[in-house]
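Chain IDs A, B, C and D follow the sequence of writing; residue 1 opens each chain.
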Amino acid sequence: MEHTTVIVKKKVKMSNPVLIEGLPGIGLVGKIAAEYLIKEKKAERIAILYSPHFPHQVVMQKNGVVRMLKMKFYHAKAGGRDMLILVGDVQAATSEAQYEVTGKILDYFQSQKGRQIITLGGYGTGKAPPQPKVFGAATHKKIIPRYSKGGVAFGQTRGGIIGAAGLLLGLGRVRGMHGICLMGETHGGYVDPKSAQAVLLALGKILGIKIDVAALAQKADAGEKFIRKMEAEAKKQGELAIEGGAQPAPRDLSYIR
Amino acid sequence: MEHTTVIVKKKVKMSNPVLIEGLPGIGLVGKIAAEYLIKEKKAERIAILYSPHFPHQVVMQKNGVVRMLKMKFYHAKAGGRDMLILVGDVQAATSEAQYEVTGKILDYFQSQKGRQIITLGGYGTGKAPPQPKVFGAATHKKIIPRYSKGGVAFGQTRGGIIGAAGLLLGLGRVRGMHGICLMGETHGGYVDPKSAQAVLLALGKILGIKIDVAALAQKADAGEKFIRKMEAEAKKQGELAIEGGAQPAPRDLSYIR
Amino acid sequence: MEHTTVIVKKKVKMSNPVLIEGLPGIGLVGKIAAEYLIKEKKAERIAILYSPHFPHQVVMQKNGVVRMLKMKFYHAKAGGRDMLILVGDVQAATSEAQYEVTGKILDYFQSQKGRQIITLGGYGTGKAPPQPKVFGAATHKKIIPRYSKGGVAFGQTRGGIIGAAGLLLGLGRVRGMHGICLMGETHGGYVDPKSAQAVLLALGKILGIKIDVAALAQKADAGEKFIRKMEAEAKKQGELAIEGGAQPAPRDLSYIR
Amino acid sequence: MEHTTVIVKKKVKMSNPVLIEGLPGIGLVGKIAAEYLIKEKKAERIAILYSPHFPHQVVMQKNGVVRMLKMKFYHAKAGGRDMLILVGDVQAATSEAQYEVTGKILDYFQSQKGRQIITLGGYGTGKAPPQPKVFGAATHKKIIPRYSKGGVAFGQTRGGIIGAAGLLLGLGRVRGMHGICLMGETHGGYVDPKSAQAVLLALGKILGIKIDVAALAQKADAGEKFIRKMEAEAKKQGELAIEGGAQPAPRDLSYIR
């Protein structure tokens, strides 16, 4: 247990599964999207990942019980496809730890004969977009056309994709896998359910499955008003505080857990 | 010797032992409680843990002899139960080191067929409580009732339990163990023997053993006057300096070593 | 893939190859020189090095495809000699990582029966030299004469050679290899193609090969005007910002990639 | 070569050798003493220790040749005893690295059947002592009497002995070895050859060998005047800059290299 370990809770026979990753990151876009997808598709938790590279603490819960920090794999079937959805409390903090954890995730995915990876995240622009675009970045040039559905824009983003959303693609490619990172346009300075909604809609089109985003849209609308207000205040005061990438979701998002 | 190592000094045959941990932490509550218990029950040192993750230095003692920084396991029998009491100079500094050291502690405990763990610590509130409460956090929901004796309150604490007091429960659970963390309410900004006293009284009720806290109570009373004075001064000056969690006990606590 | 790994893309039979290293460093002198050499000699990429000690991110490229951060080995033949040219995006950040990566580079070079190493870099003086000198530092005293051609000055530099340019020589020597570090005199506060040009001319003389630096010279001339201007401004404003050693080349150098 | 490694340059048959350590530390007292002893006894270099935990650079020397940072073992015979003297450029920076390097030193010493260790260092008091005392700290109480010769005072120092001077004793003891740390009283804020002289005189008495400290005394006298002057100035200006413990000796000490 003192190494990064995947503990399989339930063995599921999958056929050509797609890995969908949504760990904490910019605007919590990927995390919100993946956790919503788990709820919407009634996905089942089938495996857990622990790592000594996660913070050395346990979380106290309302029911008086402690729990380890972890990542979780959920399984769902949609549109005839097996989906393996990865969510979690944290990302590892150092380069070496990120490579190790990503490697363990890919080992498990490989043991399920998986080859396609879609990672979800936010692309921070410093501005609150009225209608968030969805950007894509792929492992191979030739696969871009089949992902360009639903308005996903390739080649319009610059810089690095930091953490698991990037490394799963980079290390996955070395193992013969392929896929993309779907990035929702977002401010970067606050939690953004609206951007997560845009990402989910694009994901649904890509996978050819229906994802009912009604509940998330409702929350996003409520959130947007709050965000506009925050932004207006921030303009007065100078600069928005940037929320760190690898943090557990704040309390007000607990509804989607 | 350059890995984390448990050196067994005396082999003791135990039956269903309980592990009681009290390493340095908030208000030194756990450390004071565990060290007092060792004295009160005349527990015997049976094993030592060294780690390259402890600071790279030896301590000079009054008698002209140096000693390594270490953790120590003591054994005592009380109320028919074997107790394995863990105390030490320091806690490891990084996540990876904490996981490694905790793993070695559990390995040794497992080799003694132990399954029940009670970790002791402080729960910092920023206020000096007149009568410190004792909080609990458990590995499993179903075991809470049997620990609720003696006024231990579950579900009233939030946040993380950092270090060995948390990880022993988290990693222990993964190995099929169970138990709780007993936290004494404390300010967090000073050493708190009174909170340790409250924790020991609760521990005695839980284990069904008598722990004579007279000597500690005396010290705590003396300490409390000092603490009230300190606090009054601190209010004038602004903020109390926070004593780091993983530090050896300051000199004035040496009576309980 | 979660260890530092060299992936051989094409097996080439080499005879007594010389390793020429030009990773990011002071003034990007080594990187510019090595990348120019690759272009000028139409060298072919034959191996890639990945490491978990590189930053945990992938780079988004203009074509919509992500790529891992990596080092690359190129092969060219010139003047009858096999050259193995090492370039890359980054250098590892910690001592341990630098030793590991350097060790892997040497393993690969050793598998090609290589024994001679020439590392390229800048020697920062804080002043913009009108005609940059080229300094040398060798693994063995007895080999200095054969490298002193073309005005390479030995024994005029002090301090440490940090990173792969130094460790390849230090660890290489322990493996029975030999060679030098060729350092172009440079300011240290900006990217310096002119210093890279001086290094390449010295390298050509040492290896007895012709390196046509015309394209680089042109760029360097253009660059120099810019640099003189920058420097004049910096004198007014106080101090030049120092560009970190282990960074990918800035955009305006992309012509030599 | 990418692990901490001892490379034996010359095999010497030793009988019950004593390990004498003098690596960089407070006031460079231990380093000066050990390097002077090497010169005075014409000790021969027989082994080298490299470590990836040392800084990732090579040092450029006046003769145009680079060298790795390293520790060095010297052998000399004096008073019928084999002495293994350990000196070096640096100490490892982290706890884990210090434990690893110390372990490798002990492995090598153990392979020579050594059991007695004397580490040399400074004990910083913040004051410049007119006649530096020599303090001792031992691995075992019972061995103190045999080391108390020549005015070595035990039990008068407090705190930790940081780095190899401490860990060699602590980890050595676990391996069944014994010995002491000899600490020269020193200011701590400057290089102190006079304190090194006091340590050497005590070492000579303990080992029953004559160490001619004339050359060192001369330097110390010269140094003392300089130091008194520095101190007087420092008193005016407030506080002396503290020289870091694990640094190579400054240039003006090069005479003892």
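Going forward, a contact is a pair of C-beta atoms (placed from the backbone, for glycine too) under 8 Å apart; a residue touches a chain by one contact, two chains touch by 3 or more.
This one's a predicted model, so the numbers in the text were calculated from it and none came from an experiment.
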- Same or different residue numbers at the chain A/chain B copy interface, by half rule: different
- Query: For the sequence-identical pair chain C and chain D, what is the superposition rotation angle on Cα atoms, to the nearest 5 degrees?
  - Reply: 90
- Message: Report the chain whose CA-based centre is farthest from the CA-based centre of chain D.
- Response: A
- Note on the structure: Note: chain C sits from chain A at a C-alpha centroid distance in Å of 38
- Task: Measure off the straight-line distance from the CA centroid of chain B to the CA centroid of chain C, and report it in whole Å.
- Result: 54
- Item | Multi-partner residues of chain D (at least 2 other chains) | none
- Note on the structure: Listed by label, touching pairs are A-B, A-C, B-D, C-D
- Note on the structure: In the complex, the residues of chain C that touch chain D are 94-96, 98-100, 102-103, 136-141, 144, 154-155, 157-163, 166-167, 169-171, 173-175, 181
- chain C-touching residues of chain D, taken from the complex the two chains share: 1-2, 7, 50, 52-60, 62-68, 93
